[in-house]
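Report on one structure; see the data block that follows.
Labels A, B and C are assigned to the chains in the order they are written; within every chain, residues are numbered from 1.
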Amino acid sequence: MSVETYRFIKLTVGVLATLGLYSALYRENKFYRFFEHVFLGLAVGYAVVALWTETLYDLWWTKMMGSTAAVGQVATPGYWGWIVLLPIGLLGYFVFSSKNNWVSRIPIGIILGLWSGQQLQVWFTRYGPQMVKQMVPLLPTTSELFHPVTTGMTPAQVATVDSTVYVSQAITNIIVTVTFISVLSYFLFSFDLKNRFLKNATTLGRWLLMIGFGAIFGSTVMMRFTLLIDRMYFVWIEWLMKAILHK
Amino acid sequence: MDLLAQAGAGLNFWNAPSGSAELIIKIVLALVLSGAFFFGLIAAPANLRRPIVGVFTFLAGLFYVTYWLWPSAIARDPGQAPLNPVEGVAFWLEDALPQVANFSNILTAFLLGLGVYSVARIHVGKLVKRQRDWEFSLVLIASMLLMILFGYWNWFNRHSPTGGLLEDPANWHFQQFASDMLFDGLLQQMDAAMFSMIAFYILSAAYRAFRIRSVEATILLAAALIVMLSLMGAVAYKWGNNSFIQTHPNLSLEAIAGWLSDNVQTPSIRGIDFGVGIGSLAMGLRIWLNLERQEAS
Amino acid sequence: MATPDSSIGAKLQSLPRTLLYLILLLATSLPLIYGELAGGVSVPNQPLGAAVDFYAALMKIPPGKTVLLETDWTNSTRGENGGEFDAILRILMARGIKFAVFSTADPQAPQVAMDDIATINALRVQKGQKAYVRWTDWVNLGYFPNSEGTLNALAGNLATAFNGKKDVKPGGGLVDVFESPVLKGYTKLTDIPAVILVTASATSTVMIERLSGKVPLDFMVTGVMGPETQVYYSSKQLEGLVIGLKGVYDLETLMKQGLNGQGPDAVPSQKYAGLDVPPVNDNLGTGKGSAYYPTLHFALALLILAVIVGNVGMLLTRKRTAQ
């Protein structure tokens, strides 16, 4: 079988599988369920392969067993201590035991502990620059309304213009600050509020939050439609037009 | 300490030459002793179970907290000896960091196997007991076994000294074609098809549920509309292709969407992000210090 | 028994589900077929600042250097991440920049990336260009299930974070990746000019938390992740950012036109005024962004129309009820 013939068969199988799954859009049927189970089986099977070939073989087995000298390579000793991870990992499988399932919390606890120990360290790396970004000047340093066009200015003049807070920029900065604080207050003061100012601030926060959610909705729609367009491209262009009609 | 640091290539108590009887004996002994210890924990009395889990969690987290708080070594040269005990600990922490990462990768890989075991357990059970729809369980198990068979077969071939030749499909054998068909021909295409179906549901849901019934819904719809229109280059071009917009570029669709994105959308999402950040920091501390209220058994 | 409401308002609000599905299928199929038959449809485009920064950052990496390419996507997001990955591969290959691929999100991701590299390589060979050779020009570092630990180790030390990883050396079986021309001599993270992440998952946040400020980061994310990732671009924790299909189209426009070039389609950039950021003339044809972007217009227009129809139906029904 030539590589070209194989590629055509592969594309056709992919199209059949796609149609099989799409048949659920009409209603659930056996054709769909067949491909659904093939999909799950292959995904699970590949996980078994990849967890060893992409991860455990290099990171665990080779480090534990070491390697002997080969052409152009240096021998490395094996570190027997890595074997200890096997019984720890196996404890996780006690999750199915009705009597001793508590021991499965030991490996899970270790993973969670490793995660939680990093939280202090990573918090400042993640939020520090954002705090800096959020500190913006709210008062203008000039009575001029707009930032002038800097084309044709000398670098010194551009620097002066850039360090000046114009009225329009100050207004924008106030909007940025009010948005941030009101959204944050909406989250922090999620209980029943008596204070009228805080109540209004959280209402404003909810409205401004909707702008964020609207943008997220718009971007999400773009993504979902793109994934469908990609499938249609696979079926109509890659398979029908290029592989069958040779357009 | 050499166990975690694994700094030098020299031989010590924690290692042995590859393929040697010494290494095998050490591995078997370590397996037996650690197995006896960890499986022995099963017999722990009920009142000790929570502290046991807590100790393991705390020790795991302690490494990273120490790594963060301990003064780190500056401009360390390879092979340099520490000047004092404080620097010695700093060197050790630095050397141990990748080993701890390795530790977390291996343990996570073992735990990911749990998902595989769970799926296999359910479907083998259905198959053996001939429960309803057992035929589909058979399909699942058969697909899984075929992927495992051809996946490993392909991997062994590719990692042989002549494996480099298999980069060219002209040199493929049956097992390479089978592995590629299962992975790229079926699994990946179905992965794409499965997720692309959401587009249909999102259109249907938007049509049925996206109604201007409140201030919030109106703001959300208006923001979504501006973003969607700005994502359509042809619409943005048409909008801006007149003398009014050309003399007032701040009113172009891209400029409006950009202003909204920079000055309202980003700070509002940052507000959400800060809320999440404070929550995850609190949760991290609660987990690490074992302050969660649930029972361990 | 209540009779079903047969008013226009009610009808507008109850179009059959299958009809909507069918229209969406047509809206996403016909423009694609037309575009293919017409040899491509060009849509006017003004690349976003984040994509311009991404392109400019990549174009300043010296040829011969190695970048880390974290690939955390599978075909489930091929429509967006596939286009992004193709674009980044084409830029790196055209500029002779080496890369080391790894994943911390999905066991399938490294194989998907390798299949994509093979596809772009086949295209290069077909166009008479040099294939990018595994081991010499790029290596696969594999899958690391614990993203947090791996990236924390990477922040500490590049060489020890990937210590022990092996890849296939032509004629030599599995050999330590630090013996390859791609990573030989690289020890610290700061030796790397950039870490590029193509992702459909939360590994973007994990990377920001551990690597930001230590090495230039350039992200390519899906549309759904766009707004949340924009926050980090805005705080300058990211050097450049490509978001979804629009981002891919932006990048492909820049690859075709360069920055501040000449001609009617030139992409002007005041930020990079005076800098020569040329196009990438790899002659490999149009990418996924150019192929899909015109069709996106029809799909988005359909959604907007569907929402309008639903709302008009609601208003008509309300008016009728009020009367």
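The definition used in the following text is that contacts are C-beta pairs under 8 Å (C-beta built on N, C-alpha and C of every residue); 3 or more make two chains touch, one makes a residue touch a chain.
Note that this is a predicted model, so its numbers are computed, not measured.
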What's the contact topology between the chains, one of line, ring, star, complete, other?
complete
Which chain's mean C-alpha position is the greatest distance from chain C's?
B
Argmin over chains of |mean CA - global mean CA| returns A
For the pair chain A and chain B, the C-alpha centroid-to-centroid distance in angstrom is 10
Report, in whole Å, the distance between the mean C-alpha point of chain A and the mean C-alpha point of chain C.
13
What whole-Å value do you get for the distance between chain B and chain C if each is reduced to the mean of its CA atoms?
19
Touching two or more other chains - residues of chain A:
25, 43, 46-47, 50-51, 55, 59, 63, 111, 114-115, 118, 121, 123, 126, 130, 212, 215-216, 219-222, 224-225, 227-228, 230-231
Indicate the residues of chain B shared as contacts by at least two other chains.
64, 100, 102-105, 107-109, 112, 183-184, 187, 189, 191-192, 194-196, 199-200, 202, 206, 221, 225, 228, 231, 261, 265, 269-270, 273
Any chance you could list the residues of chain C touching two or more other chains?
21, 24, 28, 76-79, 107-108, 111, 144-146, 148-149, 152, 172-173, 227-228, 231, 234, 246, 296, 299-300, 303
Contact residues on chain C for chain A in the complex?
18, 21, 24-25, 28-29, 32-33, 36-37, 76-80, 82, 107-108, 110-111, 142-146, 148-149, 152, 164-166, 172-173, 175-176, 179, 205, 208-210, 212-213, 222-224, 226-228, 231-232, 234-237, 243-246, 270, 288, 291-292, 295-296, 299-300, 303
Chain C contact footprint on chain A (complex, rising order):
25-26, 43, 46-47, 50-51, 54-55, 58-59, 62-63, 70-73, 111, 114-115, 118, 121-123, 125-126, 129-130, 132-133, 151, 212, 215-216, 219-233, 236-237, 241, 247
Report the residues of chain C in contact with chain B in the complex, numbered from low to high.
13, 15, 17, 20-21, 24, 28, 43-46, 48-49, 74-79, 107-108, 111-112, 115, 118, 134-135, 144-146, 148-150, 152-153, 156-157, 160-161, 163, 168-174, 227-228, 230-231, 234, 246, 249, 293-294, 296-297, 299-304, 306-307, 309-311, 314
In the complex, chain B residues that touch chain C:
64, 94-95, 97-98, 100-105, 107-109, 112, 158-165, 167, 183-184, 187-189, 191-192, 194-196, 199-200, 202-204, 206-208, 210-213, 221, 225, 228, 231-237, 254, 258, 261-262, 265-266, 269-270, 273
